[in-house]
Amino acid sequence: MSDDLVTFGESMLRLSPPGNERMETTGQLDVHAAGAESNTAIAAERLGAKAAWMSKLPDTPPGRRIANGIRQHDITTDVVWSEDGRPGTYYLEHAGRPRGTNVVYDRADSEFSVAAAEEFNLERIRDATAFYTTGITPALSEQMRETTVNMLSVARNAGTMVAFDVNYRRKLWSPEAARNTITRLFPAIDVLIIAAKDAEAVLDYDGEPTQLAHHLASEYEFRTVVVTRGAHGAVAIHDNVVHEQDAFETDTHDPIGSGDAFTGAFLARRLSGDDVGRALQYATATAALKRTIPGDVATVTKSEVDAIVADRTEDISR
Amino acid sequence: MSDDLVTFGESMLRLSPPGNERMETTGQLDVHAAGAESNTAIAAERLGAKAAWMSKLPDTPPGRRIANGIRQHDITTDVVWSEDGRPGTYYLEHAGRPRGTNVVYDRADSEFSVAAAEEFNLERIRDATAFYTTGITPALSEQMRETTVNMLSVARNAGTMVAFDVNYRRKLWSPEAARNTITRLFPAIDVLIIAAKDAEAVLDYDGEPTQLAHHLASEYEFRTVVVTRGAHGAVAIHDNVVHEQDAFETDTHDPIGSGDAFTGAFLARRLSGDDVGRALQYATATAALKRTIPGDVATVTKSEVDAIVADRTEDISR
Amino acid sequence: MSDDLVTFGESMLRLSPPGNERMETTGQLDVHAAGAESNTAIAAERLGAKAAWMSKLPDTPPGRRIANGIRQHDITTDVVWSEDGRPGTYYLEHAGRPRGTNVVYDRADSEFSVAAAEEFNLERIRDATAFYTTGITPALSEQMRETTVNMLSVARNAGTMVAFDVNYRRKLWSPEAARNTITRLFPAIDVLIIAAKDAEAVLDYDGEPTQLAHHLASEYEFRTVVVTRGAHGAVAIHDNVVHEQDAFETDTHDPIGSGDAFTGAFLARRLSGDDVGRALQYATATAALKRTIPGDVATVTKSEVDAIVADRTEDISR
Amino acid sequence: MSDDLVTFGESMLRLSPPGNERMETTGQLDVHAAGAESNTAIAAERLGAKAAWMSKLPDTPPGRRIANGIRQHDITTDVVWSEDGRPGTYYLEHAGRPRGTNVVYDRADSEFSVAAAEEFNLERIRDATAFYTTGITPALSEQMRETTVNMLSVARNAGTMVAFDVNYRRKLWSPEAARNTITRLFPAIDVLIIAAKDAEAVLDYDGEPTQLAHHLASEYEFRTVVVTRGAHGAVAIHDNVVHEQDAFETDTHDPIGSGDAFTGAFLARRLSGDDVGRALQYATATAALKRTIPGDVATVTKSEVDAIVADRTEDISR
Amino acid sequence: MSDDLVTFGESMLRLSPPGNERMETTGQLDVHAAGAESNTAIAAERLGAKAAWMSKLPDTPPGRRIANGIRQHDITTDVVWSEDGRPGTYYLEHAGRPRGTNVVYDRADSEFSVAAAEEFNLERIRDATAFYTTGITPALSEQMRETTVNMLSVARNAGTMVAFDVNYRRKLWSPEAARNTITRLFPAIDVLIIAAKDAEAVLDYDGEPTQLAHHLASEYEFRTVVVTRGAHGAVAIHDNVVHEQDAFETDTHDPIGSGDAFTGAFLARRLSGDDVGRALQYATATAALKRTIPGDVATVTKSEVDAIVADRTEDISR
Amino acid sequence: MSDDLVTFGESMLRLSPPGNERMETTGQLDVHAAGAESNTAIAAERLGAKAAWMSKLPDTPPGRRIANGIRQHDITTDVVWSEDGRPGTYYLEHAGRPRGTNVVYDRADSEFSVAAAEEFNLERIRDATAFYTTGITPALSEQMRETTVNMLSVARNAGTMVAFDVNYRRKLWSPEAARNTITRLFPAIDVLIIAAKDAEAVLDYDGEPTQLAHHLASEYEFRTVVVTRGAHGAVAIHDNVVHEQDAFETDTHDPIGSGDAFTGAFLARRLSGDDVGRALQYATATAALKRTIPGDVATVTKSEVDAIVADRTEDISR
């Protein structure tokens, strides 16, 4: 049976001091498997899609730790294993204002970053209903820029729907480099997800989100454009119709991965036949729930999201 | 020396992932001994009453863990020990909005749930000033419905004052079953505590709390009715006089057990001779303090509660 | 692609105080997913087989926790989900002499224990090369005795090789009940694994292990009989040939699951074409490695086991 | 109902880095309530005696923590509470050879150390069957030397049996000071427990344990003398009859408190009517079990000790 | 090379239950090295000064733990080591409203508290640009009152600038004792830092902060007076000019040490040549950052503080 | 004041699952700062030398964490800071037999590995009494081979005594590469430390340790050669005299760093004037103590080592 959604990208060992502790003084690190595209696949699976994640990892204890952490969430993990080498890692400290969450990447020269498209199971992409990656993938290396182009071509040529989140990371590349690369990928994309702040940073667009969505949809001929605005909700343009969705009230414990939860839920509900407005509701509710959960992953059930969408949450459920 | 307050009910092993962690992915569980009636006895003892808790447990490592956790708080634990069998347990996940606190009970077929009134030390109830149980007790099993009726009769016949908290749990029984059983217990009760939301769920009463209190007091001839309203404080009717009390501002860490803290403090101050208004102040302040404490139990001192009632709290006391 | 090995049995939430802590005083519990048959499937997969585990669990947070913990190890998990109900759980304390490891089961009335054969994906058994369960499965309930008989029939009738470990648990049933049930299962079994101490307890056989193996092989027409003897190694009879294997020196951290690691490795190597003597080596080495690992599961790689078999281990590998 | 055994002494907050960690670099400390005399009372209660512990503590968070930790074990805690002041504390690091376990006391000027005999509930001593303290108590201060003398007099005059463990601590006083004080207490004592190494350090006696016991029994007219020898077991002289007991094999996790476990079990079994030889068996088995348990306290059950005495222990009990 | 800033004061072992746990029931304590004057030195070093801390500690495991915890932060630690004795310790529980943070000191009779000025390396004070201590130091003992006077004289006589924070601790002395002692120290002081609430408690001044600063500056001839007001920011008078600074928005995790972070940053920026207004900005931003960090110490970098001052913080930096 | 001993080498973030946990399944990692040459400097400082460690690190949270972890131990840390880049890291799993301790390096392309000799404070080497590095340093990269040659030349030319431990790491380079590089360094070395197993692996010498020492001393004109043999002790040749030393009995908790502890103690005692035999005793005792301590670092005091050398250790010291 083929997949509803195949995602492609690097997942890493996320190393974070417990609670608000600082990296400089910590004696322990919490370990999570983390990566935008596996996060998205997991959220999609949990919201009802049959999801797979494709990647490359070294067959070493830290490499296997990453795969195990993702595999437990019941998605298909289609990993190319190298005999040695390093996985990407990153350090994360989090706190409230004015410190916020700080990421220090240590992902250069990972096994994934030097992988060519031919190494992966391209048949899986061709057989799937939808394919997804993000702007992080081409940001990783020259090789990955080429690989991303090739993966999108495979999907495009097979008639697999292509979804893409801009996911700009200023610690990986400059706005100019991102703009040049990503806009060249746009023609292959059907569904674009972009954070309003990334539109400003990368595309230098600081206007109204609805106008941004319109502008992008018409200029690049996307079928669907979703603009996310954090605590201000999201808007989507689909077949020229605008959908707006407020954010749900949330007490944030760990904001990382809420964008991926949003996208995974959005794609899952779309692939299940929900209309864009309904899918935006599920996306926004899943993102809110993610923010209460430590780690990158939206460990949620569809019935929990249903309760938020239906405004049936309780302070204490017993 | 006889007890001021005897409580009767099941206490369980409460198993909760640390912090905001999810049950699905946790590698550790925090362990607490927890049960409405032992929580109430502890709060009462800490607020100045001589309190005892009666229950039944298996004499196994988890069963003894429950008794030890309660006994450390310096109440009298009058436990009937069975040679084997299981104690009740429950899983608890907590988080802020929109997730909230979620309880999954695993308490069916516990040793307590099949115990008859004759197994317990009924003389202790007859000798006490007050007896207390909650609506959770008859919700546990057919046997416990009968046992609860019998325990209340023992108290009533001995002239021991009877206090009762409705404590509706929809994961244990339906509103209809609860209404049928609990209203039949009402004639034996002197002091009724009821959450406004339970009045709505079980008694289908969604009016003004003061009216609810009046209505219940007159219809069922309770001497005292206390209606609790969470962050909106509480009201009481006692001998036809209304007392109102606002909630204290609180940063909630763990909301579970705040109702029990309220009731334990209320009963302790009443048994010490405070009037209903003063007792409501202590009850509300103890509940606020409980919400800052992990676990079900109000590990507080009377002088801490005094400081809140007297508005003498400090951000940092040093 | 069909499975090399399908195992069937209950897996539970294992709750154990950290280190040598006692259940009575612990504030935390380590959580592991644990069950003889999933342990065996994981060890088999890690030693080179394509393994699947079949079971039933409630679709609740603790139920999903069990599946996640097993699924991360890359076996196929073919779980029937019930809407509610309870999973089996057990409490485990461990220590050195004279305390040892103590298990307290709380697994009665689990969803698995009341499942009928028809609820499971029997086609998977028919398609597999080998099928495996243990004496724990029929010990769980009347229903499970019937279900076990039926599962073995399905395998037998489909020509799937049947392996079985006696795995006697005196806290689940008496020696007599075990003997009656298990010996009636013997005719359906091709490969029998039995601990020497279980042979004594259940079959009342306290002679020499080699003689025991001979005796069982001839009396019940097993193709292979393996008798395990803990620190004294193991012996096997296969097609009337005796194989003996000493245990490897090991510093035990957690003995639980070492028998399952043994069996999983033995079956995997046999299914890969190794002869019985070679398979016994891998089985014994995998069991030794398991004893250094916390939890029930043999989180090992085949190359680690290769190194032990080849006597290439180092105190420090760097 | 009066107590079988009343013990008197200081209990402290024990602060120990987890595992083998060093105090210099630790970020966490494990907390235990610890004191020779409360340890002994708990062991006695668990082996069948009705035991009480008398002491003095400040009514502060650390003071209450000590009482809670002891009270959970179901003995009677008869504590005199001072409004403020400090409890005794100590730091403990443990490791195997050649480091061993190292104690750093910080117990000077504790509330207990300046308490007079009159502050305590002396009636409890008079009503009890036996009274117990150790050589640590008079080592604490001039005041405590006087208080100890007075407590022993109260017991002696009331006909309460007096038991005493020499428990020499070189970090509290010199051998000379200990000898002078303790030998002056000897006339009030019925049952003397002494470690062979303390006999050497304090009494300068380095001969054979049986001879030491004979010598002490005849010189000071003790009814019973028990000489403990760690891994070499123990000997007792009682009414001129010698009893010898080997130690049980044990994998030591935390050696602290094993002497107290020994004494508590010995006294409990003697108070239950067991003869000295049988009581020595239970004492030695309880001490062996204690060594597997973190903290000072023998969290054991009588049936666990029964199994050791009867040689019915298992590596894994399930 | 001489120091920019030398601080003098006691640092302690800070023992705090994890999270919101209560001391009464905790099984673990988090350990930090903590003391107003070492906190201040560390903040100053991190904001660009060359800072040293002078103190006295016992050369014991807990004593060395304190020095290690401070030394890691890269300041000069000039510690007089006594062979034995005790360091100061304190217990800290923290929570939100209405509980707040509660400190229980156990610091009487510490080695520091009985040290005379001559024991310290006074040459370091004479060589430094600035010297700093707080009102906690003379609060510790009669000896420390004398020592503080002498240390200030040494600084004054050498022309070293003297800074002083009133830091009133009501659990150490009465307002009257504090006023008498501290006002007698005022003539030796160039830069006074005082919390508005301490001005009220100790100096009985409850007027406007700017007026307070004026009043103190003129009455005691301070060159600089800084009045801190927690969430309401701070004001300073310097050479008769008023500077006001609002607080930055902050999500407080641990408020302890934010005053020391403020002062350390203020002094560092002043010693680097920043004007008082700019130094107040850095002080306020460093204090805000400290409140997000567990423990007493401001583990920050200057560039983090730069970002706050420049309003360049992000929710997530990646 | 100049240093007794300057060491030069890379220190890393050591990431290890707690206890015996496996990397594949762990949710936490213990963090230590670790590197042969900083380990050695710390052991030397603790045994009485004035020691400094020279290295290069990125000024990032993980880079600063490494420096902090080392600096707390009171050695001089002379670190060159790069603005960005990565520090070396490694993963470590440990267990008893047959698993042992397994290291997975992730240290390629670290900032240290590409540093040239000119970047470091060479004056410190010239001013010191002794200089030390190990065979790990030239194993890191082409650049580091050149840098090591240059550092040794600086020392040699300044008349600073040079000590060197072969420290062969097969996961960094082949025996041939190691032999070629290291034997070319030999002429610059005064004191050679070599493990017997490294002599076998690198120099292909598997004879008697005393003969090996003689052979090396005469062939390469070392003044001192120390051959270490783990649990079999060590031998040294110094000025043609042989010294032999047995190992002390030890219960190993963490074997990593025991060689560095040995060398640090040996050099410190030699630099303090002890003869080679006495220095070997201290070296062997310090190594034994290290094996009881988690992490790479010998957190010991000289008086603890004195006690081992003098055979004055106790099971419990109190």
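As written, the chain order gives the labels A, B, C, D, E and F, with residue 1 at the start of each chain.
To be clear about the criterion, contacts are C-beta pairs under 8 Å (C-beta built on N, C-alpha and C of every residue); 3 or more make two chains touch, one makes a residue touch a chain.
Since we're looking at a predicted model, the values are computed, not measured.
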item	value
Longest centre-to-centre distance from chain E, chain (CA-based)	C
Repeat of interface A-C, chosen from B-C, D-E or B-D - more than half of residue-number contact pairs shared	B-D
Whole-Å separation of chain centres (CA-atom averages), chain A against chain E	45
Distance between the centres, which are taken as Cα means, of chain F and chain E, whole angstrom	39
Multi-chain contact sites of chain E, meaning residues that touch two or more partners	19, 22, 24-25, 27, 68, 72, 102
Complex contacts: residues of chain E adjacent to chain A	19, 72, 248-254, 285, 288-289, 292-295, 297, 299, 304, 308, 313-318
Chain C - residues contacting chain A, complex	67-69, 71-74
Chain F residues touching chain C - in the complex, by the definition given at the top	19-22, 24-25, 95-103, 105, 169-171, 230, 255-256
Chain C residues touching chain B - in the complex, by the definition given at the top	15, 22-31, 60-62, 64-65, 68, 86, 89, 91, 93, 102, 104, 106, 108-109
